[in-house]
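Below are two complexes that have chain A in common, paired first with chain B and then with chain C.
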Partner chain A sequence: MEINISQQGALQVVAISGEVDLSTSPKVREALLSCIKGAHGVVVDLSAVSYIDSSGVASLVEAFQTAKTKGLGFALAEVSETPMRVLKLARLDQVFVIYPRVDEAVAAMA
Partner chain B sequence: MNEPLELLVEIGRHFAATLDIEATMSLALKRIAHLMAAEGGALFLLEGDLDGGQLVCRASHGPVDVRGLSIPAGTGIVGRSVANNAPEMVWDVQNDPHFNKSLDKQFDFTTRSILCVPLSVKDEILGALEMVNKSGGDALFTQEDLTLLEALAGSAALAISNARMAGELAEKEVMRRELALAAEIQRGLLPAPAGEDFPVCGVNRPARVVSGDFFDYFTLYDGRIAFTLADVSGKGMNAALLMAKTASLFRCLGKEDLRPGRLLQRINAEVCETSLRGMFVTMVAGIYDPTTGRLVLANAGHEPPLLHSTDDQFQALEATAPPVGIPPELTGGGPVPEEVIYLEGGSLYIFTDGATEGYVEPGVELGADGFKAMVQSGVAAGQSAQTRIDAIADCLTKDGVVLRDDITVLVIDDAKPLQERLKRGDNTALKVVKRDQAMGENGEDSVFEGSLCALTVPARAESLKLVRRAVSETSTACGFSHEQCQDLVLAVDEACQNVVRHAYGGGDRGGQGNQSQGDIAVDLRREKGSFVILIRDYAPAVDVKKIKPRDLDDVRPGGLGVHFIREVMDTVEHLPPPDGQGNLLRLIKAI
Partner chain C sequence: MTDQTDPNPPTVIEVRDLVTHYGTRQILNGVDVDIVEGEIMVIMGGSGSGKSTFLRHLMALQRPTSGTIKILGQDVWRLPQKKLFELRKKLGVTFQGGALFSSMTVGENIMLPLYEHTKLDRMTMEIMARMKLEVVDLAGFEDLMPSELSGGMIKRAAVARAVIMDPRILFFDEPSAGLDPVVSSQLDDLILRLRDAMGMTICVVTHELESAFKIADRITVLDRGNILFVGTVQELHDHPSERIQNLLNRRSEEAEIDADEYLRRLTGDKEEAEGMPR
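Up next, the complex of A and B:
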């Protein structure tokens, strides 16, 4: 699992790749929470995530809630097939703000 | 040539041509009786000692066949001759105090005179030649008769002695050949080397032709490897025979009983059913999983195996039960306690005391420290496990140093550390074994019977990748769609996570579970058109009532796992574990 963080205007784009599971999700959580501290909004790029479990989903939920309480934007983008299936199982596809593409998310949230 | 000399030459020729003493002596007695006009003659051979032994008639000539007649050594005139190693010439037998009259009565015969000479070679008394009742003339044996009989006795004694030595030699040769055959059969009981990549190998050097030590290993249906090493007390043929029995029991029972502790218990019960005459077997049995590096070990009274870790530390694993051969009534008869070890790239050395107590040079033992040093230098030199243990055996079997005991070493070499295995991810060589659905339902280990794939991993976050890989491959093999496979992987992952996080209580959000906290056993089965997943842990029982899926309207982190499992699977059941310990979860999905 790898995390790449890039600045796009006032937004941070967090690109996650590989498997997000019990052993790697703490890193995802840490990265997301620290991004929220120093940004106006966060876009999470899930295009290269091959697997995500409940602990990974929980990290996303926690970051989403933290951003919300701070009045910051938080969106998911380019959610690949596997994580989308998991989000749907959790009925979270209706909770998260999800954009088909990263640039769309950045444009919408700017 | 005069007649007596001619006779001696002829009989001498007979003796030289045959080892059949009795036939030659019968002929000789006939000829010599004729020559000295005696009524009869007999050959007596001493069986046993002069004191308490018997003089047995082995050849006779005359009106009465007395072959087989046995008299106590030291009795009668023949007995006196043998006891004194001196000839007897008795002209008036009936008045001799040593004469045994009952024999005459028994054979309806009247003995009048006796000429008797002892048979001896050097100081060894073999028996005597006796002639009775000279006829004609004054009917008295003469000095000439005595000389002739002594000459015959001399060559007869030599012939008898030669024949006996030849017999002993032949017997020894038969024994030697039989022993060589036994050794060959015994070597056949040891497993053939399985090749460079195989993680288990051994070496055995018998101190004598046959050995009381043995080792064995074989691959189980699920890719795990069962192994054993044992040392039978003693070194001779009796030890070798008990070794063969124990080795066969291991081969036979080891394929059906996958718990090494219980296997040793069963082998002990079988071995104790036969009379052991005080012999016993110290024995280590175990099962090693090359996929995870997990090793389960049971030790019945054997020398502590040495665990050599990748950071060059040694750990001795002490025996936890008495040796095999101690009747279960004396020990309580339970299974031998098991120890679970993760080799994590290290090696486990199991050896007999012949290896540590063997001489490197006369009078100097290799010792435990010497053994460790050889292991270390072998590892440092990058030698294969087989080369390392061969080197140890070689240094103890140098020319000129007498082997005092059999030398046997077995090594389980976990070449790939666990973390490396897990990192390999998709390349992990998991064996998905397809088996017939109908497997026997007997045995408590039914958790692993009829399974497509079974694996036991440490309950850590890092192990989950391996579990996912196993589920992915197995469910694909069952014919599930790509999406269904993904769902099944998620469900099993979540169930295992719950074991790591809740049952064993490792890490509040996971990921911190780096310290091993027990095992998770996952068994993937195909049963009656369904994919069945059994997940077993050995943690304290979890209160099932407290497990509930989260309310999905309540958006907060965590609590999703159980929901995922119930969403994906058709049936989720908490079952009582087979032996009342830990937790057992059964997940079912129709194929």
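Up next, the complex of A and C:
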């Protein structure tokens, strides 16, 4: 699993790739919470995530709630089919702000 | 996660020539079964057919007398203890009565596997538990005690605990036992939802035909320790065997009687029974 963080204007784009599971999700959590501290908003690019388990989704949920509490933007982008199925199971697809593409998310949140 | 479009999904459980004895009694007589990724395999059979023993083998909880069980490509009883422990983390089990700890809240019960097997942050665990409670339609029940739940709720909470670690294979032992038809049907829907959304492979032992037909991709019928049938629901319906049709029609077959052996069993006296007039 890899995490790539880039700055796009006032936003941080967190691109995650590979498998997010019990062993790797703490790193995702740490990266997301740390990004929220130093940005006006965060876009999480999930296009290259091949698998995400409940602990990974829980990290996204915690980061989203933390961002909301601070009045910051938080969105998911390019959610591939496998993560989307996991989100839908817990009806989280109706909770997260999800954009089909990273650039659309950045444009909408700028 | 399963690619549900894969026309040839990989085998996740491979059972070969499985034999089990309890003392001198043979329970399983050389059973062969393959279970493939993403399917719901229902195991059926009458009382004493060996289905509960078979399930314990599939869950890697019981060592057979002979034969092999490969789970996720690993020969279970040749694995070192540590690897067997790791393998078991990929299996989720829902026991017949739910088996929640009565001294813990529902939330603590659900998080228990995470406490035991991970070093996740407490907040992550709590979110995971609440997510699973959402999935099983028990949102907001995390602070209740098991004694405050109905039978169906306990079953669903047990499912939430079984899937908290996102297992690759999920086992159910008589999920409908003790439930009314409506609640039982809701549990069936949940089993289907878990498979469809998570791509889990699911093995269910049940004697409820209606439930089996609703959820099964394939059915294994055990009879006196032997595989009587493995196939789809339609294939089961179309099967010409009288024994299988009796099962579908819920008629119990009268077992053939070995008169001598029967008398020995009743009298407990081999010599005398053998000498008795027929």
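In this text, the second predicted complex is superposed on the first by the 110 of 110 C-alpha atoms of A that agree within 3 Å, B and C clash if a C-alpha of one lies under 4 Å from a C-alpha of the other, contacts with A are read in each partner's own complex, and residues count from 1 in each chain.
Everything that follows uses one rule, which is that a residue touches a chain if its C-beta (ideal position, glycine included) is under 8 Å from a C-beta of that chain, and two chains touch if they have at least 3 such contacts.
Please read all numbers here as calculations on a predicted model, not as lab measurements.
In this overlay on chain A, chain B clashes with chain C. Looking at the shared chain after the overlay, A:10 reaches neither chain B nor chain C. Touch criterion met: A:24 reaches chain B, while chain C stays clear of it.
When the shared chain is aligned, chain B and chain C each come close enough to touch A:62.
In the superposed model, B is the one of chain B and chain C that contacts more residues of chain A. Look at A:110: by the touch rule set out above, it reaches neither chain B nor chain C. Once chain A of one complex is fitted onto chain A of the other, the partner contacts of A:95 are limited to chain B, with no touch recorded for chain C. The interface of chain A with chain B overlaps its interface with chain C at residues 21-22, 25-26, 29, 51, 53-55, 57-59, 61-62, 82, 85-86, 89-92. Partner chain A is touched in their complex by these residues of chain C: 1, 117-121, 123-125, 127-128, 131-132, 134-135, 164-166, 193-194, 197-199. In the complex of the two chains, the chain B residues touching chain A come out as 460-462, 464-465, 468, 483, 486-487, 489-490, 493-494, 497, 500-501, 509-513, 552, 555-558, 560-561, 563-564, 567-568.
The part of chain A that touches chain B in the complex is made up of residues 19, 21-27, 29, 51, 53-55, 57-59, 61-62, 64-65, 82, 85-86, 89-92, 95. Those residues of chain A that touch chain C in the complex are listed here as 21-22, 25-26, 29, 51, 53-55, 57-59, 61-62, 82, 85-86, 88-92.
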